[in-house]
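Shared between the two complexes below is chain A, which has chain B as its partner in the first and chain C in the second.
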Partner chain A sequence: MKLPQIIDTDIHPMPKSEDEIKSYIPMPYRRRYTFDSYKYYSQPVQESRLDVKISGNDWIASNPDIVMEEHMDRYNVEYGILLPRAFVSSNPFIDMANNICIGFNDWLMDKWLEKNNKQGRFKGSILVNPQDPIAAAKEIERCANHPHMVQVMVDSGSRAPFGHRQFYPIYEMCEKYDLPFALHPGTDGVGINDSNTLGYPASFIEYHTLLCTGYMSHLVSFITEGVFERFPRLKVVLVEGGVSWIPPVLWRLDAEYKALREEVPWMKKRPFEYFTENVRVTTQPLEVPDNKQHMWTMLEALDAQNTLMFSSDYSHWDFDAPDYIMRSIPKHLIDPVFSETARRLYKLPNKDLNLEGEKSETLQSL
Partner chain B sequence: MKLPQIIDTDIHPMPKSEDEIKSYIPMPYRRRYTFDSYKYYSQPVQESRLDVKISGNDWIASNPDIVMEEHMDRYNVEYGILLPRAFVSSNPFIDMANNICIGFNDWLMDKWLEKNNKQGRFKGSILVNPQDPIAAAKEIERCANHPHMVQVMVDSGSRAPFGHRQFYPIYEMCEKYDLPFALHPGTDGVGINDSNTLGYPASFIEYHTLLCTGYMSHLVSFITEGVFERFPRLKVVLVEGGVSWIPPVLWRLDAEYKALREEVPWMKKRPFEYFTENVRVTTQPLEVPDNKQHMWTMLEALDAQNTLMFSSDYSHWDFDAPDYIMRSIPKHLIDPVFSETARRLYKLPNKDLNLEGEKSETLQSL
Partner chain C sequence: MKPYKVCKVEDLKSGERKLLTIEGRNIGLFNVKGKYTAIKNSCPHQGAPLCEGRVEGMTVVKKNRELEYIRDGEILRCPWHGWEFDLLNGNSIFNPLKCRTKAYKVTIEKDPVETYPVTIENEYIFVHI
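Our next item is the complex of A and B:
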């Protein structure tokens, strides 16, 4: 059949490569552009520290021996809690997300917790998909008895705040196996997940600053929905969500509670009591205002002595070195923040490492 | 035609009245239920103070003479800024919303600002619909020259954070007529608007505590999107959004700014500088932690001397009486917070009222 002359009104041309189209995009956006950049809020400068060691064709932080040497031994880190990043919470394919969790958990147990785990100092997080709480509970059950798995983890991004009843199967398992439930930033405002702001941010700096608002949603939801009354032994760990916003938000909730407790009769205690009993917070990124005393007042207000735990965020761009944080907090908080609170939470026996870490030197210079 | 016997599978029975169905709903939900309760987060106990005077069949706070006598004169309130509540930001019918604004503005000018405005002490807010920035700009232009209109107001609820470029026509008019742009809580997570949390709250206490997160979104958006560089004389007033969360959020933004300013090259100054120059905050509800010093540190950190203004939220349930707030802040903040900062912002001449208000007595007892 000979076709008549036709007009086709929908044809898609493609650049040969990212580089081909990038050469046409003005700077600095040329440098930042990737085919994936429409999918999420990506760090515009660099995702990881530029000084992190890599061997051969490895990814950054993909070689346990290098992480052990370069980070754990160097800074006298007795235990390091590993939180792999798989971003399952925004994956619209529920069974794909569940199976990514299985894969990451088996990989972590194999490559980091069993092999290459010098003195058993790496401890792992069981990654679960909160979109499917029943499957998540099963995955916890499958991994909970591994001797080096010490907590359950999810992304902070979600379509519902974590106090909602749909998540109870996860908390039941956390209580059963005495595993803290850790939130780590990610997947907020990505794909199928709600934004962590009113409307959607327009830049990474806006998104990243406001990550804390997602944590506020979850924290207030846990408390007002009565999760800590139903699961009194549940511990929630707010990882990398910021620190100093906690007292202001709990002050607000406390005032509301005094007037409105009729609405939440299952709330038996004031918000700070639940916080101190059931919630732990990690340091990175610790706010460092010009006037250090302002931050120290907030540390006092949130009972940092019992609630705050050191975290480095190794190997990301905003990594906090231990000595930097040691200089940023009052001296009496150093032991609780740098080891004792995490030791109690994760039940970690005291190891005498006898390493030549930088910690002792740092402490002398404080 | 004689019908055969039929089966109809969709018929809607209605209760005769709210009361009829309420008598079947268990307490305490029986008391709280209304036909409208599916539409928004409503206060479960009471919306307004129970002790507010009303005359005849008036609504609470609907009679200017009573408000003048019971609130303004009683507490020696020299000027009162009026913010009517019309909830236009979540109205899906854009032209309906625009015309509600016209109605409320004309009503306010007629009944409160021209008639019944003893000594000109009531000052008004021009209500606009941010869903239609062009119409909002026209409405500002229409009302801006009224001698008693002193600011523009919107609900905090929105489908986009207020730094977005679509809102520029509103800010142009605010600058042109030197009118502050005030945000008041409302319509967050209602109908067509995004929630102020990650996912949707399950109670009023959760919603109301987390109102502040919507304000965080807007504040960070204003700063990171460069609104205050493009409109350097614009003043934004954060009404009823809380106070003590501001330093923690700006500390976070400040740290991000140091690392990521390449992404927002129009940001020429550190976040606190924009805040102090371009943003004002109102007191109600002022956080009152058990340890007052914690709050006073936050007041110092947010430069309350130059940024904080008294507000009562009359006649709502969580009304703050002036004497209560006077006892809650350091003495040196009383003049700036209770009159001087608002006097400068709204350009209000000093009136010598010679009233027998409660203020002088209160001050002696401090």
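Our next item is the complex of A and C:
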């Protein structure tokens, strides 16, 4: 089976060095900036795939040509949605965090979306700092008209669930410019952010498994706080937060709603209706249990046909290969998941890649 | 099964590996502290080039919370998601009976077409496919 043309909704471009990203961060913040992920919850085995090509001493996934050739061309990826990782929302120094966003956005637009994007296959995310929603709204205004910026993104780590009204300035801008609002895991329970679990996980395995609890909290907050009534055109993208937990949580919310509606009377619809209308979810890391049928039942329950979009997480360690996901989901979901839903969401025109034969993978049939 | 001559014994030192393609099959040949092993260069999980991963040991519990790092040099970790495999038989550590990659037979022989007397210098490593 040949891979269809794919829209990959989660690719992580990196600066080639700390100096490169520093040169885009406004002074005087540039002088104090150091690139940090987060100390305690780092992957202890390997942060990224070890077989990814690098040029010289550059950081991994920092060369647009290599990402294009090794990932996009190899797997027939028509468009790649780029989500830079800056971990700003854990930073106690709000102005610093805002300026890191400016630096990352300018770097992404310059290096990835303009200089090295001849075919227009890289699409970008406007990184904002949710700790300062007013500044975040300004930053969206500044970048929204860039032709290759297709969404707004934040880390899932936060001091408050994203349904709270303090975040409205961000959603106003998302609606104004018709940009989805994407959450990506990271900075949960780190720096100034609250822990999304009971206390602090001891190990990375505990931390990483429970990242979905932060997503549960955000999703239930969006719905019960009435965000989708106030911003009916807002689309929220839950990136890398897991998939199969969603139906049970919404079932539970639905059951509660029947009795407790009076607490949240601005909720006009049932939870699943908001979900299918306003929320999209990405695949990786797809939970694939020994009995795939169990997961397929969940996919059906969350209307995966209209809500689920393929993501690889290139070049991180928990990368999902497109052919593996094709083998893991039911056949009728392949087109919607691999391109149709993302194409509608990000309004991406059909691009015939017309790759030469040797570049597109031939796969064993299912 | 057919034997394929790969290299002279002295060309694969302890801790070294060679990535081979034999009859269209990608295989990794390893010298694990003097034992030669060959396994399929494809991870049973998602098909990553397994034999490009790091060779390490593994952490186990000695008693209660006391840990021990054992079998250094005998465990291969997939370069993608980091699953651990026993280099000596291709079995995964987390589920050795059900999750494994194919191991091929490896022998050390003199090259049958050469007529020199057998000494260690002209012994070769053969992988059997």
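To be clear about the criterion, the second predicted complex is superposed on the first by the 317 of 366 C-alpha atoms of A that agree within 3 Å, B and C clash if a C-alpha of one lies under 4 Å from a C-alpha of the other, contacts with A are read in each partner's own complex, and residues count from 1 in each chain.
As a convention for this text, a residue touches a chain if its C-beta (ideal position, glycine included) is under 8 Å from a C-beta of that chain, and two chains touch if they have at least 3 such contacts.
Model, not experiment: these values are computed from the prediction.
In the overlay built on the shared chain, the residue A:Gly186 is in contact with neither chain B nor chain C. With both structures placed on the common chain, the touch criterion links A:Asn196 to chain B but leaves chain C unconnected. In the superposed pair of complexes, A:Leu50 makes contact with chain C only, with no contact to chain B.
Judged by the touch definition given at the top, the superposed model places A:Asp323 against chain C, while chain B stays out of reach.
When the two structures are aligned on the shared chain, A:Gly80 is found in touch with neither chain B nor chain C.
In the superposed model, A:His208 lies in contact with chain B only, and not with chain C. In the superposition on chain A, contact is made by A:Thr224 with chain B only, not with chain C.
Here chain B and chain C are compared by how many residues of chain A each touches, and B touches more.
The interface of chain A with chain B overlaps its interface with chain C at residues 45, 317-318.
The touching residues of chain C, counted against chain A in their complex, run 45-49, 52-54, 77, 79-82. Within the complex, the chain B residues that touch chain A are 28, 43-45, 156-161, 163-164, 188, 193-206, 208-210, 212-214, 216-218, 220-221, 224-225, 242, 244-245, 247-249, 251-257, 259-260, 262-264, 285, 287-289, 291, 293-295, 297-298, 300-301, 317-318.
Contact residues of chain A toward chain C in the complex are 45-46, 49-51, 317-321, 323-324.
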